[in-house]
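Each chain carries a letter (A, B, C and D) given by its place in the written order, and its residues are counted from 1.
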Amino acid sequence: MNSVDLSVNVGGLKLKNPVLLASGTVGYGNEISQFTDLSKLGGIVTKSLSLKPRKGNPPQRIVETPSGMLNAIGLANIGVEAFLKEKIPFLKNINTTLICNIAASSIEEYVECTKILTNEDTIKAFEINVSCPNVKEGGLEFGNNVNTVRKITAEVCAVTDKPIIIKLSPNVSQISEFAKAVKAEGGDAVSAINTLVGTSFNIFTRKPKIKNITGGLSGPAIKPVALAKVLEIKRNVDIPIVGIGGIMNWMDAVEMMIVGASAVQLGTVNFINPNAGVEIVEGLISYCEQRSIKKISEISGSFQI
Amino acid sequence: MNSVDLSVNVGGLKLKNPVLLASGTVGYGNEISQFTDLSKLGGIVTKSLSLKPRKGNPPQRIVETPSGMLNAIGLANIGVEAFLKEKIPFLKNINTTLICNIAASSIEEYVECTKILTNEDTIKAFEINVSCPNVKEGGLEFGNNVNTVRKITAEVCAVTDKPIIIKLSPNVSQISEFAKAVKAEGGDAVSAINTLVGTSFNIFTRKPKIKNITGGLSGPAIKPVALAKVLEIKRNVDIPIVGIGGIMNWMDAVEMMIVGASAVQLGTVNFINPNAGVEIVEGLISYCEQRSIKKISEISGSFQI
Amino acid sequence: MFIEKAVVRSVEEIAEGIFLLSAHSPSIASIAKAGQFCNIKVSETDFPLLRRPFSIFNIKGDFLFFVFDTHGLGTKILSAKRKNDTLDILGPLGNGFDLTGDYQTAVIVAGGLGVAPFSFLIRSLQDDKEMVSYLGARTKKKIVNLGLKNVSMATDDGSYGFKGNVVDLLKKETLELSKKKFRIFACGPNPMLKELQSLCIKNNYDCQISIECAMACGFGICQGCPIESYEDKNYLLVCKDGPVFNANAVKL
Amino acid sequence: MFIEKAVVRSVEEIAEGIFLLSAHSPSIASIAKAGQFCNIKVSETDFPLLRRPFSIFNIKGDFLFFVFDTHGLGTKILSAKRKNDTLDILGPLGNGFDLTGDYQTAVIVAGGLGVAPFSFLIRSLQDDKEMVSYLGARTKKKIVNLGLKNVSMATDDGSYGFKGNVVDLLKKETLELSKKKFRIFACGPNPMLKELQSLCIKNNYDCQISIECAMACGFGICQGCPIESYEDKNYLLVCKDGPVFNANAVKL
């Protein structure tokens, strides 16, 4: 037994610890489980699922940038039906909390996906991705419009009893306005941030390095922005926050919790160190032990300003 | 003589080459001139000037982040009057184009500063900073509001014949809407981007590393975002763009021009290599020579999508 | 698959800008197959951020070997490693070459550093197989001919062997080849593989190609490495479904 | 002021985690003064991004010396430099100590690596000055006593010399000191300098302190290093107006 209580409650969703693996950076769990013990994590968030399978964007989809990477996967996924049939059997047995991430190109599709998936017991909560920068329909057209976010939240909440986490776009002036809208419509939590819109060009061919032209920037480069967005939400809205963006190690995770996150998600780091989640859980334990912090949840939003 | 014509015209402002040093990263030119030959550059942009001197924010003002830095200088500057008296004599003789950057906490103050400075012949253009993330009044309150930007542009343009460049905030969903507003009100060009809002906390004291709590993120980390913002403007608005953000070397400068910039500004790199501007000019020349590009302006916006 | 902190034994420059690195990596070495690759963290910091993928060039006992060309920052850092530095290696990844089946002659076609997987492949082939190799390079100084047998050479500039590309060289010899049952194993730059692919599809040659593309994770979680398939309407993933494919399975 | 590509001659660990680095840097060496510093690019890549400021520890001929504690990534990279590596050094920066004026005894007060500027200072003092030194460290293993004369030691844990901080040690001896005209030269962590400052202001001691703070450029263009002044309502800049100030000039 740990001397530290690592459990957290994120808007009604109980997690054994605050370390989650982020959507799109852990697939459906099977590949990464060869490198890490998923049962030691707070939970995993699936790749964004849509009603029908999506092929995703043509290559090249990724490129490295200074301390970051751009991706334009384009929500490639197997669709809700195949997910239930092919992936749930494995996910039933990983002994960690499963959060389903949903992306859609219409409000109806969000609702429909949630309706279908909510019957599956293994799924403990939904993360609604209204902030993918890499698709034509849905994506930022939704995520950068506070009224659409409001509407999606309301309608999705209406069809499930499970906690709803709305994943917010950082590509807006005031992210806290979006968090307010989520709260007002009954959303249980927000997660922040999704990727920043970026691009990169080959100076010899003058073509974009990513076929989709722009992509989403992730990794340590965006950590200062992610921290500022989480802090802005924390200081303005009373809603649980899942902090995401550039977390590479336990110190980054602590920093994200201090500025307001109840739990954190790891994205890009999984590609480099697929065992990072477990290492971060261990780091959080020693941080707490050394400071006689009894419950990890005490550090959430404990900034001294 | 170069075989390459490096001169560019940015909304009526003629520059001998497209490499400028960015506001706030070159002071008023005197210190950096010990390390570099300013006369070889396209121009320099002064630290933001306000009507009265500003003391700026208390320390700590800067912190390093992965491939970037945060700053919250808070527009510390000597004010318009002292600038004219103490700095212009030196700036008269640097033999490069002088652009004055103005920051203010009210529309009237922008107008007043421009009126006073426009009489000084040495100043060839104005860059209006509506996007400083580090001050309470003015700053992003202005820069993230398209109507305010519209108004500032119109009023400033009315009191000077010199080219007006509006420096845009990247902390918005659609920067091209701001560029459109600038164009509509008679602005001659836009510059993009100013810094992204970010923060960083000490995990032991739980205090912000920067006294101002948040700061502006600059450096290579933000280059993909800067490129995407410039590209967005270029594809949507017919206005000259000065590209800024994360440029470290001539390749970055070329990339910024390819996505749409008529000229570029160097910021953070000056702190690390104060001679970077001159090296970049040299790099641009060989790039053009090797590709038989006769006029550097040909590469602006020459992306192949 | 393992994440192994390997200890560098040696790094040598074996041709202009091309290095051979060996590292003690017993876990990976014990299970790797020819045609698989590893994803290597070249620095101990978070910069450069992503791992770099490299074919397993060979295995001797507990040691892995890689050959690489200095391309950008990552390979530059790798080339500066010294004995006893540790290297964080993730592997072995991908599915490797299929060596089973009914063929007499293994025909190796390598462009530039496309030779990387073949030392290992040759060692893995059964003794009863014959072997011929076609090796292309830009110029003489860039030739890396390590462990290949019965080699015919082509250089783009004609500074050594046949002047032209390696697929043209191969074409000249297919008549001779086709007297026996053969399987082509190929690796190299995309344009070369494309040309080879159309040759093989046209003539119905049995051919396996190893493909390079940008990768983040290397093991199937990022979806960053799609390749169009002829059979499946979805993309395949180069890292997981490849990097070796049948030449007629994927659109290059 | 120059940007000089210096060649590293040696890096040695002289105390636990503390290194002495020497580099051939003739231009900077020829003009530097005691108390000035250099801003060093520790890597050849853009990571870590900013230069790191270090006091000039000493100069011998064309060589600059720095002592540094391994703190974070930048100093770790610096400690791993080897002979003949090049190091991009910008300097000399700041205004250094004012050695002129009417005093008989130079009193050096150094906390931890605050010793850094004093080897050079001692060499720069005129021969007719007397010298006494008070040196504090956290613990015995961390003591760096290079080139100081007439040293009294304090360690926080009492593992060597006086148990307690160096300012308390100094206080015990000021009676003795005040028989002569003296000037204090001090460098060390901020809390130590603060304590020393109030001692000096109270007793009207002549004292110069060298201050550290976060810096980007190091030469006055970023405005990143402000310090509150007692005389001027504007901030002073540590890099340009300092790093050495009169103890009564700045608010710590």
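Quick note on the criterion: contacts are C-beta pairs under 8 Å (C-beta built on N, C-alpha and C of every residue); 3 or more make two chains touch, one makes a residue touch a chain.
Here the structure is a predicted model, which is why all the values come from computation and not from measurement.
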{"item": "Neighbouring chains common to chain A and chain C, by label", "value": "B, D"}
{"item": "Centroid comparison with chain B (C-alpha atoms), farthest chain", "value": "C"}
{"item": "Separation of chain C from chain D, taking each centre as the mean of its C-alpha atoms, in whole Å", "value": "54"}
{"item": "Centre-of-Cα separation between chain C and chain B, whole angstrom", "value": "47"}
{"item": "Gap in Å, rounded to a whole number, between the CA centres of chain B and chain A", "value": "34"}
{"item": "Touching two or more other chains - residues of chain B", "value": "66-68, 219-220"}
{"item": "Per-residue multi-chain contacts in chain C, two or more chains", "value": "46-47"}
{"item": "Chain contact topology (line, ring, star, complete or other)", "value": "complete"}
{"item": "Chain C residues touching chain B - in the complex, by the definition given at the top", "value": "46-47"}
{"item": "Chain A to chain D touching residues, read off their complex", "value": "66-67"}
{"item": "Contact footprint of chain B on chain A as seen in their complex", "value": "65-68, 70, 140, 144, 171-174, 196-201, 203, 205-208, 213-215, 217, 219-225, 227-228, 231, 246, 251, 254-255, 258-259, 287, 302-305"}
{"item": "Chain C to chain D touching residues, read off their complex", "value": "45, 47, 73"}
{"item": "Chain A contact footprint on chain C (complex, rising order)", "value": "1, 3, 41, 46-51, 90, 213-228, 233-235, 240"}
